[in-house]
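Consider the two complexes below, in which chain A is the common component and chain B and chain C are the respective partners.
Showing the complex of A and B:
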């Protein structure tokens, strides 16, 4: 029982960190562009699918970790420049539009990749042992990588000029324009960054779950839950909430059926929406 | 434009003519197309019920699948488990989803914008999770298969195992629902809905209880979505938890946007158009969602008011 619990806690942390990456991308795009990106789950799925192709071609997971997010970044670039730019200021329209993009991406993957789930072999197969506890090394590496990516994001947002511009646009768009910040370009790079983050988590999740065209559908809702509970526009809130919810869900699933745990977390979210629409960590 | 004295008669004329054409169709097409047309009518009803809250009140609900799916179960479960008839099943397919819509709406209409969108998705997700888990009642993802008992109308008994009879029943109910909604959106109540859509703050200041009107629209839309789900289940003789999934709501959204939100003809036209497109392209491409998504996105970019909105805009 004790080792079961420890594994559940570790799983919760690993999943929490992956989910935090997805939610960060979603939150970044919302915070700046005010777009509720329904296609975000599909971009996550696309990251996993691209990485499967790279691994199939080269057999190298670490290469996939770099190439797949870049590829999805290009998709993000095309979506932002080609479609979303013209309708960015209409929130409801962008929700519906990104829903359409989700349908298109899922169908494209279904057509070319097929409907069957594919597995990716663990790039690091070993197990980590401590007393009677066993845990796959790869999962710890995955957690470490997502933590590192988040650290990189923090440095980017706080220590580089582009990061400062992004934060400036969030705080006061008018003033940012007046100061000569290229808001249009900031929007573009934000959408690309959000897509890359989604893809990154897709590649990281790929060895743990299996890769298929529907994998983004449930994840999208989880990401929404995290962003709302954590507070829209509040990046730290997303990270904390992602780990917290994954821990509760992981540990809770030992005691109750997973679907009951899901219903409880959804109910919890309704409560948050009604009592604190700005999120638990929002101002 | 039509002269004013014709305006009053134009609609009844077109409506009767169109209904007559639709009523005559089964004599000219085979059973497959009768089934297809039944489905188009059902989804058209689902689309206009969604448009009542989206196009007229301005609330984007992605959770209408919950009411659609519940409507299906409200027909199937009483027939299978309680031995009730089809008529009471149809009544329940309006009443049960409307009651759920009152509950969901009570919480949802407090929220606006994206928060409203998200909370409706969440409620639908709870519905589909429960539906998939509670297999003894719902049959889970496998669903429930049943035989539809004949519908006793007093003067005649309708055999709903017959495809053509089912088609006429669906046609009649959808036509009546359309007339009901048309009457509503043209009434003072409909004007209040539009006022809320256009400027919620102003509607409140004039003295309307905005939240209560939103809830009313949500309940009516939920009841009609349930009726669509009930008719769908009745035509398939099958109800499933997959009907409850939030993504099913996407159908109504797509048909409404493509056809033209804020009109009743638009969503019905959208349903017919998109479903025909899917039907004819499925052999060619086997990628129907691709076409649906592409049509949706290009409509938003090129004709944001939808086909009907585009045509009306042209004429002005």
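Showing the complex of A and C:
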């Protein structure tokens, strides 16, 4: 029992931190651009697929962890400049547009990458004993990297000029324009940053799960749940909620069938929305 | 011809005069000759009869696409071979294809389109049990012969069977009949089933599990969503006393559960056993070193070197016709692994349609019931059209029987056949009798 609980808690935190990265990107884009980005899961998938190609070419996972998100960042740049900018401030149209982007990206990957799931070898093999069970070292490393990236994002948003501009645009776009903040540029970089975060999560998750063209679909649903429960637009609410939901699912799985434990997570979401429709940390 | 600007025309220069009538006659005869000469040689009499149309539904996008790709490729090659050999009763065969999108509702609409708009004579395809079940009412309503193409839920030719459906290949009950005893004797008597939480996974856990328990073994079943990506919550619930871990997932989760079992170190105390459906179409290099030591129940050896000697000549011709290498790769793309254990069904099905048409004297849909009766009494001998070996249909439940294989993943990640299970050993009692329904 103690070993099961320890693994459930540890695994809940690990998955929570990965999910938090994905949800952060989604929430960042929504908070600033008011775009409900249905293509976010596809960008996560694209990160994993790009990393597979980089690893095939170089054999280096750590290089892929840098290169693949940058590649997806370029895709994000093209999407923001080429499509989303032209339909700015039309929420319904952006939902349909990003949904279309998701389908296009999935089918492109299906065409060129193929429909078969691929595997990325664990860059750090090995496991450690946790009471009666064992746990992979790589998952701890992934959790640590996720936490470090989130720390870096906090510093970026709170200690840099660009972060200040981003926060200013969220608070009052017109005032930001009046003060000379290049809002257009801020929008572009926000979308790129959101895309990079999604892709980075994809590369982190790839050695644990498998890489395939549909891998972003389920993640997207969970990311939306986290963003809604945490409070739309509240970045750090997403982080706390992601870990909470993963823990509820993990610990719940000890006592009931793991599939049923998913109901606990959804029940938690319903409860939060009934009591606080704006989300746990929303205003 | 008049001289233009003092220059002579080409014809004048060559001493030729061509009238308008000469020109038209010459070009008409020439065009007709060219058209006739360019016609491909076909062994059919033009205008003598309409083609026979076979409608096919496959999973080409959204999910199970590796299956869709190969089953479609093989079906096309099969129909091409059939036409090259004279078609069916002297009639050319045409294949009409639609994608199911792994969506039962969409697949139903495409199936209806095949019947009402494309006016197909027979239908086949889909590896998805849910899709097949969804089109059953249409097959029954229009008395449309439908031959399944890879779906493994036992109920399709059991409790949910319909008169106009046949399945020429294995399914969960047959797999259990073929594989439980070997596993029980060689791997262990205490089993944990970690399977996808839908009909196929349930079928496997029930069919294998009931036999294990009846033989005095112990079982535990853990259900996980088919789209699960993190299996730690499920794997940590495996009974510490279990000796065998039987898993059943498709696509990415199949790889995920295999590698995460190793990540948690469970492979050291558990024998791993599954059906090849989980990784058919996935190269062992992709499955990875985590799969070494695992056991698969398969329905066609992946490598030509592992095919039984008496079938090797047929296997060689079959691989060449469909563009598959000896190590089960796409001849035009070495990274694409074939769904070897499933796709032979689409090679043999068009040929069995031909046999049943000829046996029943089928000319049009009025004789569909006779066609079904003929189809379900076929006994196909191993040969160019049946490289997998002898295949016997059973009239009661419209189910086909064929040999199975047990394969073990070697340390070099190759799949080695360690046992062959003859079809006679897996003939369970027919759960339904459809004979009176035709």
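Note that in this section the second predicted complex is superposed on the first by the 268 of 283 C-alpha atoms of A that agree within 3 Å, B and C clash if a C-alpha of one lies under 4 Å from a C-alpha of the other, contacts with A are read in each partner's own complex, and residues count from 1 in each chain.
Here, contacts are C-beta pairs under 8 Å (C-beta built on N, C-alpha and C of every residue); 3 or more make two chains touch, one makes a residue touch a chain.
Note that the structure is a prediction, hence the values are computed from the model and not measured.
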item: Fit or clash between chain C and chain B when superposed on chain A; value: clash
item: Contacts of A:36 with chain B and chain C, given as first, second, both or neither; value: first
item: Touched partner set for A:150, first chain B, second chain C, both or neither; value: neither
item: Touched partner set for A:249, first chain B, second chain C, both or neither; value: second
item: Chain B versus chain C as contact partner of A:209, first or second or both or neither; value: second
item: Which superposed partner A:107 touches (first chain B, second chain C, both, neither); value: both
item: Touching partner for A:116 - first (chain B), second (chain C), both, neither; value: second
item: Partner chain(s) touched by A:267 [first = chain B, second = chain C, both, neither]; value: first
item: Chain B versus chain C as contact partner of A:257, first or second or both or neither; value: both
item: Part of chain B, among the options 7-15, 25-33 or 79-87, whose backbone runs into chain C after overlay; value: 25-33
item: Overlapping contact positions on chain A, where the chain C interface meets the chain B interface; value: 107, 110, 217, 257, 259, 262
item: Chain A residues touching chain C - in the complex, by the definition given at the top; value: 4, 7-8, 11, 15, 107, 110, 114-119, 121-122, 127, 132-136, 138-139, 205, 208-212, 214-215, 217-219, 249-250, 253-254, 257-259, 261-262
item: Chain C residues touching chain A - in the complex, by the definition given at the top; value: 61-66, 68-69, 197, 222-225, 227, 229-230, 232-234, 236-237, 240, 251-256, 259-260, 263-265, 281-282, 286-288, 335-337
item: Residues of chain B that touch chain A when the two form their complex; value: 60, 107, 110-111, 113-115, 117-119, 121-123, 125-126, 129-130, 132-133, 246-247, 250, 253-254, 257, 286-290, 292-294, 296-297, 300-301, 304
item: For the chain A and chain B complex, residues of the former touching the latter; value: 36, 83, 86-87, 91-93, 95-97, 99-104, 106-108, 110-111, 217, 221, 224-225, 228, 257, 259-260, 262-263, 266-267, 269-270, 273-274, 277
